[in-house]
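Right after this note come the structures.
Both of the next two complexes hold subunit A, though its partner changes from subunit B to subunit C.
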Partner chain A sequence: MELLSPAGNLTALRAAVDNGADTVYIGFRDATNARHFPGLNFTPQQAAKGVEYAHARGARVAVAINSYVQAGGWAQWREAVDGAARIGADAVILADLGLLDYAAQHHPELARHLSVQASATTPEALNFYQRRYGVTRAVLPRVLSIQQVAALAEETDVELEVFGFGSLCVMAEGRCLLSSYATGESPNTVGACSPAWAVQWQETERGREVHLGGILIDRFAPEEPAGYPTICKGRYEVEGRIEHAFESPTSLETAELLPQLQRAGVQAIKIEGRQRSPAYVGTVTRIWRQLLDDLTAAGDEAGAHRPDPARIAELREFCEGSTTTLGPYERKWQ
Partner chain B sequence: MKISIGPIQYYWSKTQVEQFYVSLRNQVDTFYLGETVCGRRREMTASDWIGLGKELAAEGHEVVLSTLCLVEARSEAAQVRRLCENGELRVEANDFTAISFLEAADLPFVAGPTLNVYSGSTLRTLQGLGAVRWVPPVELPGRALAELLGEYAELGDAPAIETEVFAYGRLPLAFSARCFTARHYQRPKDDCEFVCRHHPEGLEVTTRAGQHFLTINGIQAQSFGCVNLLSALPEMQQMGVGRVRLSPRPEGMSEVVAAFRAAIRGEPSVALTEPAPERQCDGYWWGGAGCAHYAKTPAAPLAALQGEEDALRPIVHEE
Partner chain C sequence: MVLSIERALPLLLLPLRWAPAPLTATVLPVMLHNVLADALEDGELEILEGRILGIEVTDAGLRYGFSLVEQRLVTKDAALADVSIRGDAAAFLALAGGAADPDMLFFRRRLCVEGDVALGLSIKNLLESYEPRQHLPAPLRHALEAMAARVKVS
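Moving on to the complex of A and B:
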């Protein structure tokens, strides 16, 4: 299986390559990708340097251009695809139908991967994107159980890439407008969920409160850990009970599923976190490289290999919040 | 401008579904029928929807069959296929599973609001696949829609496509693998006992400050606020929007239809008090947060559309 690591800048890209990523995925410094945060991402010059560094060491670079083309934005998004082709990127990761069409027509030699933001969940949808736009790989949204992933792999030639580690979107990606309902900005429109300008922390007598767009998302007791606020991980009142109505703050951690994912026919494992530090990217990449090498060395056809618990324990130190989950891969999460 | 009734987003009994359509007969131009939220809901099977659709069509309504927004199980893809291959009624595609069937069969379709079309060129691509009508994403501001339609018109070879705006009802905001209603009742999704049936308008989610915020409806998160774009009708007509979509609520839909009908006719000062104004929102249309409610006065929204945002402050409701 291929290992894909995230990079929000050149230092992180080098850390990923040096620690064994097969592919590093990056975005340009504008709204054309779904991690459009201040100070993050690559200018075309930096991206070119990144491609050069990766290629010199046998690694690949994929460019995520996976937000949706906005009205008046066609030139900008098209330029991002042209730019990715110009710097010699190995693939573009796209979600917008018009942009897929453009890339297929104008850059047929540039591999097209379907972004998780396109939320394609069935062989029919994947085969459609393959037939019409020559998509060779799809990143699956975090909604399918492992059995469903396996069933999907049987009915499509499109390569499957899944998220293995990092933040967990509770909602089907590209189908979530919660952020804009509170702030006016969403991943689909500006490439960011819970934009930083809309977040407000406040110490009160009732506890530490966090608001998004003026709406109270959660309130924490002293000492209670508090992560970056997203609406899907806040606490609310439902029928008189205060609860995490959608999901509690937790991270996706699927190391123990690796043998099953391989057996299901998954071609690539993706680490979430272009917004993370180079140190994080480097360490997490190293651990996943080892986990994948262990799996290969075990020559495990039956899916019976057990990943090294020590490596998993090390990995868990890098998880956000205090808990981890197998997420939707495990049916009972759903 | 025409009036459509969108698909029922909630899990109602078969009787309630049938009574709902009886109560609106001959009042609207188009009915969208079908289960769009959860493939486990089977009070109405695909055949039931097709049967009801043929009845309503025989009475002179336009009927469109609406497909699931998030297709996971193979049985769900089969449901979508059944609707797409009904052979008679037009289909609204809410994901690319449906489009794969419709495009392969060369059938014209309606492109639903979850297909993520935010630009004129992308709309052109979708039109090329067979879309003859489309519903913009519910978060798209009016100003962006006008710009998008302008872009589309400027693409020299673009055939006409009809635009339908989601103008009334609770907004579909997010879809998940997880069922939030079942989770609230601490039931596994596979053994949910269809608890969503007891909430014909969803489960209310309130902030810890007591502010109305969201609605849980099975695997879907909806707005708490009921969108009401009555005040935006003049702008919609100006930019060539062909119809408005009113999303079903259990009560008061006839009054809602009557209000939109009157406003479309140009009757002055039509107001809608179902639900109460403090439970309404329209922020997306005017370019703000979706939950905001700007349209208190007919003059104010026009200022927003013209870019005078300072003239407006959203009203955030606290209780």
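Moving on to the complex of A and C:
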């Protein structure tokens, strides 16, 4: 299985490549991708340097252009696709139909991956993207169980990429407008769930309070682990009790499911976190490289293979919130 | 008894606490100019033009404000900061040495950010991108990285 690592800048990209990522995924420094934060991401020049660095070491670069083209924004989003082609990227990760069509027409040599933001979960949808836009790979939304992933792999030739590690979102990717109620913006429109200008942290006597767009969305007791300031991870008063009304801030950590994911026909494992530091990218990539190499070394025994618990413990140090989950992969209720 | 790095650091930083303000106002910008030369040259520090970044090392009792005036970094009154980043000395050491992820330190409550979050994020991303420690003389950088690696984050 291929290992994809995130990078929000050149330093992180080098850390990913040096620690064994097969592919690094990046974004340009604007609203054309879903991690649009101040000072994060690549200028075209930096992206070109990144591609050069990766290619010289046998790694690939994919450019995420996975927000949706906004009214009047066609030139900016199109330029991102042209820019990815110009710097010699290996793939673009797209969600918007207009962009998929444009990329297929104008840059047929640039591999087209379907972003998780497109939220495609059925063989019919994947095969349509393949037939119509030449999509070769799809990143699956974090809603499918392993059985569902395996069933999907049976019915499509599109390569399947799944998230293996990192922060989880409310699992309505590409369809989530929660934050727009507080900020007027959403990941699909401006590339951020909680745009930095709308976030306010305050250390008070009652603990750390976080407001989004002026609305109190959580209060963390002293010593209590905190998380990212998104509406979906906030705590609200519901019928007299204050609780995580949408979801608890847990992190996805699927190392122990690796053999099953491989058997299900998954081609690539993705690490979340373009907003994270080079220290995070380097360490997490190194551990996942080892986990995948261990799996390969296990060969035919892969079914009985158990990942090294020490490596898993090291991974958990990097998680948001205090708990980790296998996410939807092992949910029975579907 | 071996003193942990977490407990030793605030003591090591004591001389800074007693250093006269005019001295730090002269020395700190010079040090910062050395390690942030690339960022200055690329104009990336302009985000601090007319804005003040406050840094507070809680257990060492240190508090500084920084701003950019006519392409030069200068110290300012930290009480006037637009954004303040607070943390213990070991957390800052781990960051400076590239041994810890700032988001994780923030989740684990070792760092606090108050004020203009967009400015704080810009500075975080700038520092990660330019890695000031790479501009230190090699022996100093190695010592910093080795010390940073010993910090316990959680």
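We take it that the second predicted complex is superposed on the first by the 323 of 334 C-alpha atoms of A that agree within 3 Å, B and C clash if a C-alpha of one lies under 4 Å from a C-alpha of the other, contacts with A are read in each partner's own complex, and residues count from 1 in each chain.
To be clear about the criterion, contacts are C-beta pairs under 8 Å (C-beta built on N, C-alpha and C of every residue); 3 or more make two chains touch, one makes a residue touch a chain.
Model, not experiment: these values are computed from the prediction.
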| item | value |
| --- | --- |
| Simultaneous placement of subunit C and subunit B on subunit A, clash or fit | fit |
| Subunit C, subunit A and subunit B - angle at the middle CA centre, rounded to the nearest 10 degrees | 120 |
| First (subunit B), second (subunit C), both or neither touched by A:R208 | second |
| Contacts of A:V238 with subunit B and subunit C, given as first, second, both or neither | first |
| Which of subunit B and subunit C A:N9 touches, first, second, both or neither | second |
| Partner with the higher number of touched subunit A residues, subunit C or subunit B | B |
| Touched partner set for A:N33, first subunit B, second subunit C, both or neither | neither |
| Contacts of A:T324 with subunit B and subunit C, given as first, second, both or neither | neither |
| Which superposed partner A:T285 touches (first subunit B, second subunit C, both, neither) | neither |
| First (subunit B), second (subunit C), both or neither touched by A:D96 | first |
| Superposed arrangement (fit on chain A Cα atoms) - minimum subunit B/subunit C Cα distance in Å | 19 |
| Common interface residues of subunit A - those touching subunit B in one complex and subunit C in the other | none |
| Subunit A-touching residues of subunit C, taken from the complex the two chains share | 44, 47, 86, 98-104, 106-109, 112-114, 117-126, 128-131, 153-154 |
| For the subunit A and subunit C complex, residues of the former touching the latter | 8-12, 37-40, 196-197, 199-203, 208, 220, 222-228, 275-280, 317-318, 320-321 |
| In the complex, subunit B residues that touch subunit A | 69-74, 77, 95-97, 99-101, 103, 114-126, 129, 137-139, 144-145, 147-148, 151, 171, 173-180, 183-184, 188-190, 203-211, 213-214, 216, 221, 223, 283-284, 287-291, 316 |
| For the subunit A and subunit B complex, residues of the former touching the latter | 68-74, 95-102, 118-125, 127-129, 132, 142-145, 148, 151, 170-172, 174-178, 180-184, 186, 188-189, 213-219, 231-232, 235-239, 242-243, 245-247, 328, 331-334 |
